[in-house]
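Below: one structure, written as structure tokens.
Labels run A, B, C and D following the written order; every chain starts at residue 1.
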Amino acid sequence: MKHRIARTAATLLALAAPAVLGTAALAADALANSVKIVSSLPRTGSANAQTTSMVNGIKMAIAEVGGKIGDTTILYEDWDDASPQRGNWDPAVEAQNADKAIADTSVVAYIGTYNSGAAKISMPKLNTAGIVMVSPANTASGLTKAGLGEANEPAVYRPSGKINYFRVVPTDDVQGAVAADYAKEIGLKKVFILNDREVYGKGVAGAFEARAKEIGLEIVGTDGLDAKASNYKSLVTKIKQAGADLVYFGGTTQTNAGQLAKDIVSGGLKAKLIVPDGCYENAFIEAAGAKALQDRCFITFGGVDPKLLKGKGAEFYENYKKTYKTEPEGYAVYGYECAKAILAAMERIHKAGGKIDRATVLAEVGKTKDFQGALGTWSFDENGDTTNRTFSVNTVKNGEFSTVKVVQ
Amino acid sequence: MRFGGLTAVKDVSVEVKSGSITAVIGPNGAGKTTLFNAITGVYEPTEGRVLVAGRDPQRAWTPRVMFGVGATALSTAIFLAVLVRVETLWQSAIIDNYVFQKPFPWMKAIADFFSTFFGGGFFGTWLPLLVGALLGGAGRFVIWSRTRRTPDVIASAGVARTFQNIRLFPELSLVENVVVGMDRRLSTGFLGALFALPSALRERGKARQDALGLLKFVGLADRAETAAANLPYGHQRRLEIARALASKPAVILLDEPAAGMNPTETVDLMRLIRAIREAGTTVVLIEHHMRVVMGISDRIHVLQYGEKIAEGTPEEIRNDPRCIEAYLGKEELG
Amino acid sequence: MTETEVFLQQVIYGLSNGMIIALVALGYTMVYGIVELINFAHGDVFTLGGFLALTVVGALGAAAILDPNTLSDSSHWLLLVGLVVTAGLFCGFLNVAIDKVVYKPLRRAPKLTQLVAAIGVSFILVNIALFWGGAPMEVFGGGNAAAASKDFPEILEGSNLLGEDSNVVLRLEDLAIFVITIPLMIGLTLFVNRTRLGRGMRATAQNPIAARLMGINTDRVIAATFLIGGFLGGAASVMWAIYNNTISFQMGFRAGMDAFTAAVLGGIGSLPGAMIGGVLIGLIRAMSDQYIETRWTNVVVFGVLILILVFRPSGLLGLKQREKV
Amino acid sequence: MAERRFSFFTRGQCIVLALLAATPLLDLAFPSIQLSGPMRTVVVYAILALGLNVVVGWTGLLNLGIAAFMAIGAYAFGILTAEVYPFQVGFWWALLLSGAIGAFAGWLLGAPTLRLRGDYLAIVTLGFGEIVQDGLKNLQAITKGTEGINPLPKPTVPFGAAIQSGLEIVGIASAPAATKAAEGVVAASSNWFEISSATPARWFYLYLILLAVVIFFCRNLEFSRLGRQWFAVREDELAARCMAIEPDKAKLKAFAAGAALAAIAGALFASHLASTGEPANYDFQVSILALCIVIVGGIGSITGVVLGAIVMVGLSNVVLPALTQAMQRAGIGSTENVLSSPDNYKYLIFGLALVLMMRFRPDGIVHTRKAVKK
């Protein structure tokens, strides 16, 4: 029996080796004078639609500089931090991506992550290695600002003491406040707060609750729903009994926001629904059905709807529609913006005659000030967050997003 | 021994002298195997008791059992009471006392923990404690009462058995089947096994030797390493006997050992049973082969329709009219 | 809303959800009874049934279905029954094909090998559903958001049957579930107990070898069981689609787990057991959502399951086999 | 299992361990393929599968909720070591304690439910998995809910500092030239025993040694009296009873041992990620993956289970990403529609691999069934 194990082990190695070596060979032939930008987003599973639009945004940004800055070519790789058996982001794979980025010397910038939970895993690793990390989607406040998350956040993500993590999206605490203020403004009194018990959903729901208490909205109940449940009709009945005229759900399309919107209608609950930017995508309208959302649902979004972008934003919108023949999702512009910020930093290094590598790119991205981007003019503050506070409150009119209010 | 309405065995008592070979015979459906199963605890006898060397091997209500029930009740109670209010307890004991990166006041934390634990009022502390104690204690008591006469209790009192339709451990080798039978006499504990302590290794070596000896005794030593399932039928019977003998039982119950054996194998079997008796083990036998029964039994008990109709030496039984009738049917008059 | 109204509403929702779970559980319990295989792929066959239903609705023109004046009420019911039959047959034959290709060669393999094979099939079906979701049809959202969950148009007119202002909401879809599932369950029980093929199934379940000796073509019986199991899965997927108005490529996972729990709770292998188990789980979920908290509902459901099994080790209606020595 | 004088590992196990030990050398040749990271996940899943193997393979109890014990181990490790809580016990103490807590949880689940038969026990373990996962999510005050507890300490080589200073006095370790050669493998810092994310190979070798220790313990149990009791209970519980073996005690020990190993795997997983991740990382999918590893590898065989871990985790964490990346670099596939992007084929490949493996090696890579099929 023993020799058979040796034979099986040998065949296994033979089977796995070519695949692994194949990629190594491809990697090895990268051009001498080239740098690599990688993105680590969940490409397998339900978040695929949003991350695909982000990847398209990044590719477009690189294409716009013709894939070269001076004589260094810009390579881009789209890494998946999800795994088939999880059907969602996988911490082991995210850790692997971070280790791979550290080991591959040509990598100078790491665009990611999509889920705030994944960021907590790769941030310390990339910080020690000194690779700049720009996130198109993480909104958990604790990642950059002290006092909002755990006692040891954000110091725990900066073992080297330097700041290497930046993000182009405003944080939850800003978004939660905007939603609460708007609810009060349109005269809603009693709110039932739900969250999908995920890092993002709980964060923004918590921020909303804090702000609602401040401005005197009556909270008639809070609960955490199961993102994989078939429907929420029983929960809607409980909300009806509590007499709420507003339901705030901290969650995304992937955590069943569409189903909740539908069940509110079918359960005969005459309350408005406010959801955060995790639902700001066509897939949400498809999932919920335009009828269920018809002027009873508001979606807050960090930035302005791509269609209404002015200047560079409008350019982005036209280019995107031309190259990819579909409407850009809300997050596409964030992916684009991350890549543009990094490329602009490289441009500045090249003009100053410096060499593009991890240290210079990290330093230069940190100095991004009054950057004319698709999301308007913004810069990275001392925590690494964007100074861009523009938020839009949108509603759904016959199957289309339409902006109701823009908050600076 | 009653199954619902059917009385399979009615007030049958079998007295077995130690060192003897006693046979229990009777036509099919007479309740022989049911009697065996009741004795060995596979079935719970509706009435009646089994005495081994004068002692009833049931798990009595010893102080040790009482301590077990009490301990389970207490631990379940505490576990439930803590579980019900785990967040508030944690909050008061740990979170309220711990300041980030400052030394932690352990004593105060423990004091806080107990004060919040007992400060839960009726619903917070006492009801869960009560319910936990009831659940844990009742649960443990039910388990004890249902497993008073399980086969392993009887077996550990020195009663070994074989089965009418062979129940070996098919995937295990012959040696291992016998060593499993020997388990009662082994003493290696969990830690001994885990760290392969020298005492455990010695005991394992000795157990192997004894097992090989037993296999030689039943004539199977040459195939010690093959899987039990690959043995021919006759050998499987003998392996079962070897396995039963492995625990050096006071009494060995053989359930139709000669079934399906050819004449030469039957002769070997009789020699084997006599050798077992010489080695000091009392034998109780269920068998249809009259040559085997009459050849080696000291006393015979005859059963029919669940009742004992005769008892005596082979001679008496051979001439007893009721036994003949039970087997050969009544003579038709005229 | 008064306390009784809330309770009544939760009972309605509990029964409706419970019926759907029961229908899927029946598929589980039948296949398990015959070949003793926990068919993990059953949940995903169910998903494909839902996708087929949506494709059919899309093909017939979702817009045509939506405005009630073109199709009077009776034709909506006709469409519903049509969907149930088409999805049912599709899932039935898909199930039989899976059995032939994957499970039949492994019939004599160890039980756990068949279990892992079923897990493999479930991953394959999830991927097929993902591709199906990307179909370039308007109903699937033009095919760009393949992984997103799809909206299933409301076939049955959605007004509250107890009058617009009443607090308790009873909609046509709640009734539709009862009108469709109860006959299916009765039909199934009659089939299994009365017909020759049904007797063949029960015989094969208890002792395949003896059944074969008695001249029962067990392969045909097993294929029939997979067909009926698949049919029930397909029917349940249409019920799920019209009740939740949503289908997604990963819905099979939760449906499969609920069905497996219901089948075991009711006593694995017993048809009435699966029905009672399903309805019980539906009710427990509804009551826990209302009277405890939604975030603890799963814990309550599985907690009740474990308590019941500790006191009734072979489920509510499971037959307690006595160990034959 | 032929009885032999005490020996450490069977030949099969030595081959597997050597195979694992060789992988970081691949790193030397192809630095861009970071193998020692995923290899640590392989070791974690190997230990988890060995724990499951004790319950499913040796005692015949179908456990569909092993991920719950992995979660308990990970969170116990997190609570005991994170600086957010006062305990801050060292890596090794936390590893032992989380193993013990896992064993207690295994005993707690086992005590009332072990009289259940086959699939009834399977559904109870599945239910326990869901209860633990939701419980961890909801008990926000203790487990930080879905934010996960971080950062968690890296493993430290026991007495590493002492040995290191000893070597320096003797003048071996400090000679930079000596370590230059092994730079790639043993990595940068001169202190041979300092483990950090910059020295992944060293971290992996420590995990490999832990795996070897676990295999050593499993082997001892396999050949011990307790091991035979488990096999007897698996083969025929009633016959085992008639041999004076109490099946409930044996099953309880199996459950506790399996849970302890799963908890240790969870602790190593948390240390490897420096965070407990969120409760959803230990859901039913992980239990299914562990079961597939045991069955694909070869139920009941230690070597087989470790091989199964290499194959399954290797497939999903190394080969599939490498393949999709290779296709991406080669320009195959784009993101217009669902059929064209390579990421959407991962479920299909994973499922097909399972079905084909079961079809052509039903007993797993290394099978231990000795009984010739009748």
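Annotations
Note that in this section a residue touches a chain if its C-beta (ideal position, glycine included) is under 8 Å from a C-beta of that chain, and two chains touch if they have at least 3 such contacts.
Fair warning: this is a prediction, and the values are worked out from it, not measured in the lab.
Nearest to the common centre of all protein CA atoms is the CA centroid of chain D. Looking at B-D alongside A-D, one finds more C-beta pairs in contact between the chains of A-D. Using mean Cα coordinates as chain centres, the one most removed from chain B is A.
Note: centroid distance chain B to chain D, computed from Cα atoms, is 36 Å.
Averaged C-alpha coordinates give centres for chain B and chain C that are 44 Å from one another. Inter-chain spacing, taken between the CA centroids of chain A and chain B, is 62 Å. Look at where the CA atoms of chain A average out and do the same for chain D: the two points lie 31 Å apart. Of all residues in chain D, those that touch two or more other chains are 83-84, 112, 134, 137-138, 238, 288, 344, 346-347, 350.
For chain C, the set of residues that touch two or more other chains comprises 123, 126, 144, 146-147, 295, 298, 323, 325. Across the assembly, chain B contributes 42, 100, 163, 167 as residues in contact with two or more other chains.
The part of chain D that touches chain B in the complex is made up of residues 1-3, 6, 83-86, 108, 112, 139-142, 217, 220-221, 223-229, 231-232, 235-236, 238-248, 253, 368-372, 374.
Taken in their complex, chain C has these residues touching chain A: 1, 6, 9-10, 13-14, 17, 20, 123, 126, 141-142, 144-151, 153, 158, 160, 167, 169, 171, 240, 243-246, 248, 250-251, 253-255, 285-286, 289-290, 293-295, 297-298.
Those residues of chain C whose C-beta lies close enough to touch chain D in the complex are 32, 38, 102, 105-106, 108-110, 112-117, 119-128, 130-131, 133-134, 136, 143-144, 146-147, 257, 260-261, 264-265, 268, 295-296, 298-299, 302-303, 305-306, 309-310, 313-315, 318, 323, 325. Across the complex, chain A is touched by residues 10-12, 15-16, 19, 26-27, 29-38, 41, 83-84, 134, 137-138, 144-148, 150-151, 196-198, 200, 269, 272-275, 277-278, 280-281, 285-286, 288-289, 303, 307, 310-311, 314, 316-326, 328-330, 335-336, 341, 343-344, 346-347, 349-350, 365-366 of chain D.
Within the complex formed with chain C, the residues of chain D that make contact are 56, 62, 112-113, 115-117, 119-120, 122-124, 126-128, 130-131, 134-135, 137-138, 238, 284, 288, 291-292, 295-296, 299, 337-339, 344-348, 350-355, 358-359, 362-363, 373.
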